[in-house]
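There are structures below to look over.
Two complexes come next, and they have one chain in common, subunit A, joined by subunit B in the first and subunit C in the second.
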Partner chain A sequence: MPDVDAIVVGAGPAGAAAALELARAGRSVYLLERGPFPGSKNMYGGVVYGRILDTLVPGWWDEAPVQRWVTRRATMIMTGHQALTVDFRTESWGRPPYNGATAYRPDFDAWLAGKATDAGAVLVTSTTATGLLRDGDRVVGVRTDRPDGDLTADVVIACDGVNSFLAKEAGLYPHTDPANFTVGVKETIALPREVIDERFGVRGDHGVDYEIVGCTGDVPGGGFLYTNTDTLSVGLVLSLPALAAGGTRPEELLRRMKEHPAIAPLVEGGEVKEYSAHVIPEAGYDMMPELSCDGMLVAGDAAAMCLAAGIWLEGVNFAIGSGAAAGRAAARALQRGDTSNEGLAGYRSRLESSFVLADHRKLRDAPHLVMSDLAQRQLPGLACGVAERMFRVDNPEPKPGLRRILRQELKRNGVKVRDVVSHSLRALRTFG
Partner chain B sequence: MQVAACVKWVDLRPEVDRVHGTVRSVGGPGGAGWGISEADRAAVEVALQLGAVWSAPVAVVCAGPVGAEPVLRELLAAGVDRVVRVDTGADQPSHAAAVELAAVLSAGQLGADVVVCGDHSADRGSGTVPAFLAHHLGAAQALGLVRVEPVAGGRVRAVRRLDGGRREVLEAAVPMVLSVEGSVAELRRAPLAATLASGGREVEVRPGRPAHHVEPPRTRPWRPPPRVVPAPAGDHALDRVVQLTGALVERNPPRTVELAPAAAAREILDQLRTWGYLGADGE
Partner chain C sequence: MSAGTYPEISFEARMGSVEFRIDEDRAHITVDDTKCRDCSTRGCITACPANLFVPTADGGILFNYEQCFECGTCYLVCNREGAITWTYPEGGHGVVFHRT
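Up next, the complex of A and B:
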């Protein structure tokens, strides 16, 4: 007789959602977390997109620990001395049902895990799952780092984040390629609330989200800048193989981005409160493991479900979506008394019919497009060059016309028309 | 025999004003980042070790809010027999906290013969609670310990840190209050079954007096504690003052030089050599 119906490993967004669904279905569930409290070990850029919470925690916006509601989203393309920004704002994202919000992970994860414990899940903190317990091929529980730390269950849900040791131990990842990963680094910079309001042109609890391309020097990647109530989150996402091959160090690249003329006035005078780093499963659909085996499911970053597709860096909502689906599928399998791989197959079909796998499949090529040489090295120079020429007044020379500017800038940046066309077609297929 | 440990519920990463040294907690006392310090955890471990050697029950007393209870239950899971929470705010001044704790530890209630505390709390605590406790309990005190070994008959042999890297070896006997540094012992991991069961275990609660204390505003910048220097020698006060001030000692006045970076680096190395920090070959 197992100790409990289900064990969920990891009290991040995926694990909390899974435990919440299992507890709501009346199942006994242990939610194991290696940190002293949920979120204590976790970092991210800073924006949670809340639509997925509408069904899970109705009216979530009245109680979730939010820093600011994002009402401005900007994409900045930069070179060493130029910046071209597409800047969108809407007041409708600043009122219910909202769109996205900046939040601190220790607050947000603890809040969501609190929902699971309110529903009856038992949170066990400072406890690391160190391995799987098996009966033949079947997963029957986990071993933890506590004395006498074996725990058995009918089903284990691995929500232990990127580089999931449990999923690997279960043989669900056939191979791991470092090229599929990026590393994110972030500084949290304190500034008075009024200064942030003034610099970013927002009021009250409204905030801004910048995604930045062209800010990572010799290492493929991108940057971000988000506003919290009285701090900024400023960071980079960088290709792991390029860093390993001796590219400029992340903290140096971040320092350079903060000195860029378009960024420096925004962060100036702030005090760095925290520096953190974390790996991201960048390649999405192409690196996803098998999602289940006998007695076990994998969800969230552990199953590479973070969506890193250019202007979208969404992982928390995908983690909640997949975690909730895993929780529901496990509850159903428990009810039917079949937690074999076949019995758990409902998990995959739930994901297929939801945004989680639909978006990943559709945007499968996006991470590759974003990390391509053209997008990383040539497009920023091309876009900024064209913008500079368009906005520059060359009197007494007559205005040059867009076609001529384009031709000259393509040449100056070493971009082949053929490459632009093929990338545009790929982009259209992916994002279209 | 009754062994007890006192732990403080504290913000483990408070903000410290760089000019005034004032400590400000981030978030409320139930919030993330609050807990008990390494030194307090070490105190609990030492109490458990003493309890095991002397076959004595171990209690933990904490003056703090209800938010401390999950962490206190972890201590129950680790092997502590009883936990008493004195229901006070988290911002008690040391002497007031000591009065509250002493009331619980005293003969009328727990009757603790040995009380182990952390040497000082993580929020720039003054480390005075153990001394206040010893006073209230009429117990011996051995504070700032870096090693504690139980000896038979309710005695301990302990090593205490002194200024200037010195150590003092001392023996103390019950009733006694010990305060230990965080490095003395690592709190044992609670077994999984005990951790799972601890959710249902009781934390005894005693009402505490509301904290009336208001920290007076600092009027002067915070200064680090003074460094102990040897007393000046000399028969006459004037000689000693001259020695203390260095007034008649020959010295080179400071120089300001403006040089290109390479020359400046050479200049610095030459100066370090003159002062004897570097050998002639620059090593």
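Up next, the complex of A and C:
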């Protein structure tokens, strides 16, 4: 007899959701966490989209540890000295059922893991799963770094994060290409609440999320800036191969973005309270591993279920969605007494019919588009150049007309019309 | 205050803002820098966000595991098989984030 019905490795949002569903189905489940508390190893680029929680934790917005509700969502395109911002705000995202919230992951993840333990899951912190226990090809448990730390179960759910050594050990990742990953770096900067309200034009518990393109110098990537209650989070997401090829170091690129005339007035005077870094599975659908094998499922970042698609940057919701689906599929397989790969196949079909794989499949080309030289360098130069010419008054010269401006700016930024057309068609296929 | 006068913190102060519960008994990452000597890329040096890889005068690489974010960047960019041995720290040790 195994020690327990199910072992979930990693008490982030995927693992907590999986353990919650298993416990609710009446299964005995260990939820292992290598940090001293859930969320202590976790960091992200800023917004939790809560719709996936509506069925999992009804009324979640009354109790989740939220910093601010995002009611302003801005996309900023910048060059060294210019910035063009599309700035959307709606008060409807500031009241139930809300849309997205900023949160500190150590708070949020611990809260969600608490839901799993309330339902009966056993949370075991400060315990690293060091490998798989196998019977032939079948996963039958995990080895941990506790004394006598072998734990057996009918099913293991690997929610062990972007580096998922368990998924790799199980042979579910064919290869690990650094081009599929980015590294995120972030500063949490303290400022008085009223100063944040004033600088960002928000009140009460409303907040702002900026996503920024054209701010990463010689390294493809993007930036973000968002408001917490009395801190700002400002960071960058950077391509690993470009960094490794001798690109400017992450903290220097971050320093430069914070000095940009569009950013400096927002962040200046704040004290850095915490610096952090984390790797992101950037390539989405095309880097996903096999999602199951005999005795094991993979969910969350461990399965590369992080959406880095330019205007959409989401991860926690995909982790919760995939983790909950894994928990339900595992509970069903346990009920039928078949946790083989075939018995666990319900997991993939659940994901196929939900946003988790549907969004990823639809947006599979988005990471390539976003990281292209056109999107990274040429289009920001073009967009800002056109805006500057449009709004500049060159009296006594008459206004030049948009077509002439476009032609000149295309040339000045070295943008080929055929590249714009082919990228636009790809973008239309992807985002349309 | 104009752009460019933002008081930037030193790298030491930056890393000093992070809590690390250091395991004095075991280095969770080890570097065999005999494998690094003929490596021309040395991506770890620029990519490691904690700046833990330092080139030495004799062509090797000095590595310190203590202020590691456990992010995985170094082994992902390393192109010398066996140069970096990468595991997680023992449970409860290593980086502990609070406001991320």
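Throughout what follows, the second predicted complex is superposed on the first by the 432 of 432 C-alpha atoms of A that agree within 3 Å, B and C clash if a C-alpha of one lies under 4 Å from a C-alpha of the other, contacts with A are read in each partner's own complex, and residues count from 1 in each chain.
To be clear about the criterion, a contact is a pair of C-beta atoms (placed from the backbone, for glycine too) under 8 Å apart; a residue touches a chain by one contact, two chains touch by 3 or more.
The shown structure was predicted, so the numbers you read here are calculated from the model rather than taken from an experiment.
Aligning the two structures on subunit A places subunit B and subunit C side by side, free of any clash. When both complexes are overlaid on chain A, the residue A:127 reaches subunit B and subunit C alike. After overlaying the two complexes on the shared chain, residue contacts for A:249 are found with subunit C alone; subunit B is out of touch.
In the superposed model, A:43 lies in contact with subunit C only, and not with subunit B.
Looking at the shared chain after the overlay, A:59 reaches neither subunit B nor subunit C.
The partner of subunit A that touches more of its residues, comparing subunit B with subunit C, is C.
When the two structures are aligned on the shared chain, A:30 is found in touch with subunit B, with no touch to subunit C. In the superposition on chain A, A:146 makes contact with both subunit B and subunit C. By the touch criterion defined above, A:110 lies against subunit B but remains apart from subunit C after alignment on the C-alpha atoms of chain A. Contacts of A:192 after superposition: neither subunit B nor subunit C is touched. Of all C-alpha pairs spanning subunit B and subunit C in the superposed arrangement, the closest lie 7 Å apart. Within subunit A, the residues touching subunit B in one complex and subunit C in the other are 36, 39-40, 106, 126-127, 144-146.
For subunit C in complex with subunit A, the residues that touch the partner chain are 1-4, 6, 8-9, 11, 13-15, 17-18, 21, 41, 43-44, 46-47, 49-51, 69-73, 76-77, 87-92, 94-100. Taken in their complex, subunit A has these residues touching subunit C: 34-36, 39-44, 104-106, 125-128, 130, 144-146, 162-163, 165, 176, 178, 181, 183, 185-188, 228, 231, 233, 240-241, 243-251, 255, 258-261, 264-265, 267-269, 272-279.
Interface residues of subunit B, counted against subunit A in their complex, comprise 32-33, 35, 74, 189-193, 195-196, 199.
Every residue of subunit A that touches subunit B in the complex is listed here, in rising order: 30, 36-37, 39-40, 106-107, 110, 122, 124, 126-127, 144-151.
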